[in-house]
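Written below as structure tokens is the structure these notes are about.
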Amino acid sequence: MSDRLSHLDKAGRARMVDVGDKPVTHRVCVARGEVRMAASTLARITTGNAPKGDVLAVARLAGIQAAKRTAEWIPLAHPLPLDSVRVHLTPESGDASGEARLLIEAVVATHWRTGVEMEALVAVGAAGLTVYDMCKSIDRGMSLEAIRLVRKSGGKSGDWERPGEPPPVGDG
Amino acid sequence: MSDRLSHLDKAGRARMVDVGDKPVTHRVCVARGEVRMAASTLARITTGNAPKGDVLAVARLAGIQAAKRTAEWIPLAHPLPLDSVRVHLTPESGDASGEARLLIEAVVATHWRTGVEMEALVAVGAAGLTVYDMCKSIDRGMSLEAIRLVRKSGGKSGDWERPGEPPPVGDG
Amino acid sequence: MSDRLSHLDKAGRARMVDVGDKPVTHRVCVARGEVRMAASTLARITTGNAPKGDVLAVARLAGIQAAKRTAEWIPLAHPLPLDSVRVHLTPESGDASGEARLLIEAVVATHWRTGVEMEALVAVGAAGLTVYDMCKSIDRGMSLEAIRLVRKSGGKSGDWERPGEPPPVGDG
Amino acid sequence: MSDRLSHLDKAGRARMVDVGDKPVTHRVCVARGEVRMAASTLARITTGNAPKGDVLAVARLAGIQAAKRTAEWIPLAHPLPLDSVRVHLTPESGDASGEARLLIEAVVATHWRTGVEMEALVAVGAAGLTVYDMCKSIDRGMSLEAIRLVRKSGGKSGDWERPGEPPPVGDG
Amino acid sequence: MSDRLSHLDKAGRARMVDVGDKPVTHRVCVARGEVRMAASTLARITTGNAPKGDVLAVARLAGIQAAKRTAEWIPLAHPLPLDSVRVHLTPESGDASGEARLLIEAVVATHWRTGVEMEALVAVGAAGLTVYDMCKSIDRGMSLEAIRLVRKSGGKSGDWERPGEPPPVGDG
Amino acid sequence: MSDRLSHLDKAGRARMVDVGDKPVTHRVCVARGEVRMAASTLARITTGNAPKGDVLAVARLAGIQAAKRTAEWIPLAHPLPLDSVRVHLTPESGDASGEARLLIEAVVATHWRTGVEMEALVAVGAAGLTVYDMCKSIDRGMSLEAIRLVRKSGGKSGDWERPGEPPPVGDG
């Protein structure tokens, strides 16, 4: 890793990094996070009369759509084309404490001069916040936790994996 | 609190809640979160040759700008005018473990028919992800934690405070 | 109805109509349209192994989200807040000819100085195009038909109903 | 054509198709549609004191601009660069019945890994809705009809033409 | 006028001003600017075979559309509804020096808690830049000059007029 | 230079130029402009208790972000990926007349089929308007002047420099 904040110039002013000299390569990033909630809230999302999945469907779409517009949310991110975005949501039922979690994983791929870390992280963030939005009328105490980069491949800096993470969920 | 997921209709399909019958009142929401990072990363953000504050300035703006466009990130959120958005970033130096935190607080106010919980949460999320973007070249292991609603006032459902939270930071 | 194209000034140049003198009233518009497709395509959308509803869920969301941003798609439309947007999708199985239809209805409400005809029509258009996008790999011949305003209430010009239309589908 | 809804994964969940393995080729799509209106409305658009063409100019631009942002209208569409967008509007005067039509044709080209069907269809939809917006003060009964893909070239699935369509209008 | 930069808090950090205590009043702002160009370029815009007005029509629309999205261009501007936006373009033929000017005027009105200075200025800027875009293939040397606020009414700070300006052009 | 307005077709109607036959080359554009203001306003921006730079930091970001979305502000501009955007702000203290200037320079680079003139000009415009926004509470009389293309390299039409301009400021 570099020892420099690449988004600041020598005088410390914000800039967009110049990626013009980087080669176009296949790049894939995986990010994860989770929504912590009451076990009863998760049950409402995943069971009952409501067609299973509409909260999940909306959250999944929110993640995909936000990823596509990452350069609008993140001021110094590059606008770039994407090959694919996938968002996986995995309910994990609560333990004895009554707390449950909805696990979020986003996988983003491109052929471009710069990586898609931010696209994957933005997808996780938007999906998680959308779950909050849809469930806040019954559980204001939910929180988003552990939004993190998990895996990165392609590009000059090489592949990277966060230690201790399980393999990606999705393959579709 | 309701016992119903207000963004799903009776058949469980996604919808935008009808706020037409709600009164226009003054509503304020406070949300918080934090970026967990290496103590050395936080030091790079807050000290050294770089003009103190440019990472923070960019993150603060990212939060403000994202809040204004919450209805684009969050599929079922209402488009609405805002009175103000403030984002406060408070470095908290690392403990013995070498881990430090940047605390994020967003305060959003409106006079409108619906609350601004999502606007405050989106501001926190975008500010945190922007910190990640600006520092990822030196610390890929950072994570966003504990993005949560902290306080809510105005509206029919009344005021609400998350237990155990310190008072808001900012007043400007 | 007026006998003037309100979006052109006296010299015929495009302008945004001035709504500043209009009262804030409760306004609701209903628009409809349909996607014509092979009966086998509709069957793929509504039955089978795939979880019933995901094409419909995506289309519904696309309609809601596009309605919120009508002022970006329609150059002279006013940016305005919305009370609610609902999109209903009703499969209508094919007749002997092997052709089927997916009926789309959007209901948009606001308290504002101008109507939401365009918001309702944009919702129908975006939902219909999204169905096309999701099914084009199996049925390129689909078409969108009869996108039209069906009902309008509130505002100085009074209520209006398109003759011969059935009552609105949705109530949620 | 495939026998699979490519925007749903094996479990039927929405996803963005992965186009990473597709070659970058020159791709062109043509879409069409029409606005049906009173003959007197069409006359107002195309003749009279008003500078001929401003309704048409606004609609043409609306189509071009919407095409560029297709990935924002259509949730699972890929963000991609475009080589060109052209929108042609052809008035077709009314028959004995007093009904007239404005024909819309959009031609979109790119060098990319995926086609531009949706970009062409979105251009037609936005142009047509904009005509509605600009003329609704004199003719609420207008409708958009027959929005359809007409021609497609480039890409693995090969060229395709909708049977029975006249050749493209425009060349500029 | 204040002696304080209202977009900085006491510690000098960027913020969105809180307009929650300001009354909703009728506010109108007028801004102006001009595009300086070769006289032959202006002649190409306003005469000849080309239908008089299409460069002007595109620029006018660009100004209107950008005004509606001012809060996206200007980081600390408030998102707000608008009553009307009008953009007037007045060719002023060249003098002996061979230099000509296209005068731009934007008039924006709202009923809101904050003024629309930025909306009017953004409209002028976007219209001017669009003229540049459309004519750059024949005149790279054009420049935008004197983008300025000309008039402001409504709001607590009262009415204001820039000295020495002619009255507004447009009334439509 | 061409003798044709490339954004109009033979019949004078607006269109997006087809860049499909142009080669992908490295293209860089530099644009400049300035904000004219009271010397006391510039002093407030650059000195005093306020942390030097926050007005400048916000304006710089506004320029970078607007450049990325040029195709949304400029109706016929192509959506394209960018390699880098840099915005430099140079205060130039006032002369005897009490008038000072803030010089703005934007440098934008891409590898693409079309140039980035508009991206550089849009960055200058947005940065300048943002300075106006942040200082308008103390100096309504500010104006934006001399927004112009200064340098262009890459592409078939070859390199170009505006006569009499100093070399670019920034290198970062």
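As written, the chain order gives the labels A, B, C, D, E and F, with residue 1 at the start of each chain.
By our rule, a contact is a pair of C-beta atoms (placed from the backbone, for glycine too) under 8 Å apart; a residue touches a chain by one contact, two chains touch by 3 or more.
All of these numbers come straight from a predicted model, not from anything done at the bench.
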Per the touch definition, the chains contacting both chain A and chain F are B, D
Hopping only between chains that touch, the fewest steps from chain C to chain E number 1
Across the interface between the identical copies chain B and chain E, with over half of residue numbers shared counting as same and under half as different, the residues used are different
Max Cα-centre separation from chain D goes to chain B
Farthest chain from chain E by C-alpha centroid distance is chain A
Dup interface of A-F (contact pairs over half shared, numbering-based), picked from D-E, C-E or B-F, is C-E
Larger contact count among E-F and B-C belongs to E-F
Here the gap between chain A and chain D, centre to centre from mean Cα coordinates and rounded to Å, is 33
For the pair chain C and chain D, the C-alpha centroid-to-centroid distance in angstrom is 17
Whole-angstrom distance, CA centroid of chain A to CA centroid of chain E, is 39
Among chain D residues, those touching two or more other chains are 11, 13-14, 51, 53-54, 57-58, 61, 65, 69, 72, 75-76, 81
Pairs of chains in contact here are A-B, A-C, A-D, A-F, B-C, B-E, B-F, C-D, C-E, D-E, D-F, E-F
As the complex stands, chain E meets chain C at residues 26, 53, 56-57, 60-61, 64-65, 68-69, 81-87, 109-111, 170, 172
In the complex, the residues of chain A that touch chain F are 9-11, 13-20, 71-72, 75-76, 78-81, 112-113
Interface with chain E, chain F side, in the complex: residues 1-8, 11-14, 33, 44-45, 49-51, 54-55, 57-58, 61-62, 65-66, 69, 72-77, 117-118, 121-122, 125-126, 128-130, 132-149, 152, 160, 162
Chain B partner, complex, touching residues on chain F are 51-54, 57-58, 61, 65
